[in-house]
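Just below is one structure, and these are the notes that go with it.
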Amino acid sequence: MIAIQHEDVDIGNLISAAKSAGTGAVVVFDGVVRDDNIREMELEAYEEVALRELEKIAGDATRLHNLLHVDIIHRIGRLSVSENILIIVVSAGHRPDAYAGSRYIIEEIKKGVPIWKKELTKDGGRWVPGEHAHGAGKNS
Amino acid sequence: MIAIQHEDVDIGNLISAAKSAGTGAVVVFDGVVRDDNIREMELEAYEEVALRELEKIAGDATRLHNLLHVDIIHRIGRLSVSENILIIVVSAGHRPDAYAGSRYIIEEIKKGVPIWKKELTKDGGRWVPGEHAHGAGKNS
Amino acid sequence: MTVKVRFFARFRELLGTDIITEPGNGTVLANLVRDIAQKNKEGYDAIFDEQGSFREFVIVMRNGKRVEIADAGKTAVVDGDEIAVFPPVAGG
Amino acid sequence: MTVKVRFFARFRELLGTDIITEPGNGTVLANLVRDIAQKNKEGYDAIFDEQGSFREFVIVMRNGKRVEIADAGKTAVVDGDEIAVFPPVAGG
């Protein structure tokens, strides 16, 4: 399941569904809204392009790291502290591939998927600067 | 929660509970019984020592990788293909610490915690050789 | 002809989004965006530098594919194009 | 005095576990284990080599603390000790 959506997901169900034949390791990354003196976070995406990029990243990760299953769910809209922002679930035969595949996916998302975050504080709002100043659409 | 037990756990609940103040990333490792032409797997532990080692590893990981929360649940007894063997849940402020802390924990468990696995096949059984021939109790 | 321009994040806040324009034949991408951005000085300054060139961190896409900003001054838009202009991404 | 000996994994299958022994004063760890292991040749051979020394991969603990196999021949057990003998670990 690759999705950009407002709704949260049940990570336990995703893990169960990720255990395809041959699975020895499942790794989950769950990025959550950190309590940096903010009230909420507002997320925005260029949805069609972001979804296409996520699908490409999932395919690349599968090929590069022998993954058996990949889920990427990136949420948008308004999220409170400790809510899930991004959930990545991968399964592989062995743990080195599962860890490397998971990490590959999050790093690629940070680099090039058109999604933006605004922290809403009591004094207003602040767009979070990207980790990669020239990010987005590198491969598009 | 650090435990060696027969029962499975609800990973979704563990993730929710792992989101302590300051959490920006949760990483879950779920090691499962792989379908290597086996019927079941039988796990055995030197429980008191294994539990003490897991607690030490959790403490070391917390210190070395700035973790905010650590759960390690290692199951014992008879498990079927695709059942959870080992669940590690860690949270941290930022993803590099969460990934590194999770990986540290599984590698240390493989090295030195007195737990053994026997694969039960249609032809009998086979004790799984450790990844570290001199493993166990390195620090004990 | 009709071309849609989408701004995102801070650019959207300053300039709006899903702007339907009817540029003349041969209009190049940079000029199209510059004309729209003129309506709000802060929005214009966020995207363009003193020479009127795209700031180097600005990302421009045409129909979902990246256009290098160096090429935006010589890329003519055509009917039905969707142009997107946005700051560096920060998802994940 | 009473000393408990625990074997794990394959050693347990061959030799049993939670074996209560009553060694004489001054009995060293290696001899205690060797005596018990004698009851089953396959079990003995799994743990000891032709010279009667612990095989190098065997792990020995006394009250939950590792004893180097080189020291097992000079470490006397005392009343209440728990000795554990097991093959390399394979958890996770």
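First chain written, first letter: the chains are A, B, C and D, and each begins at residue 1.
Here, a contact is a pair of C-beta atoms (placed from the backbone, for glycine too) under 8 Å apart; a residue touches a chain by one contact, two chains touch by 3 or more.
Being a predicted model, the structure only gives us computed values, none of them experimental.
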Query - Chains in simultaneous contact with chain A and chain B - result: none
Query - Centre-to-centre distance between chain D and chain A (centres being mean Cα positions), rounded to whole Å - result: 50
Query raised in the report: If you average the CA atoms of chain B and of chain D, how many Å lie between those two points?
Result: 27
Report task. Give me the residues of chain A that touch two or more other chains. Result -> 31, 106
Query raised in the report: Listing for chain D: what residues touch at least two other chains?
Result: none
Query raised in the report: Who touches whom among the chains?
Result: A-B, A-C, B-D
Report summary line: chain C partner, complex, touching residues on chain A are 31, 43-46, 48-50, 52, 74, 85-86, 106, 109-118, 127-138, 140
Query raised in the report: Considering the complex alone, what residue numbers of chain C touch chain A?
Result: 6, 8-10, 12, 56-57, 59, 61, 64-66, 84, 86-92
Report summary line: Listed in rising order, chain A residues that touch chain B in their complex are 10-13, 15, 19, 21-32, 34-35, 82, 93, 95, 98-99, 102-103, 106
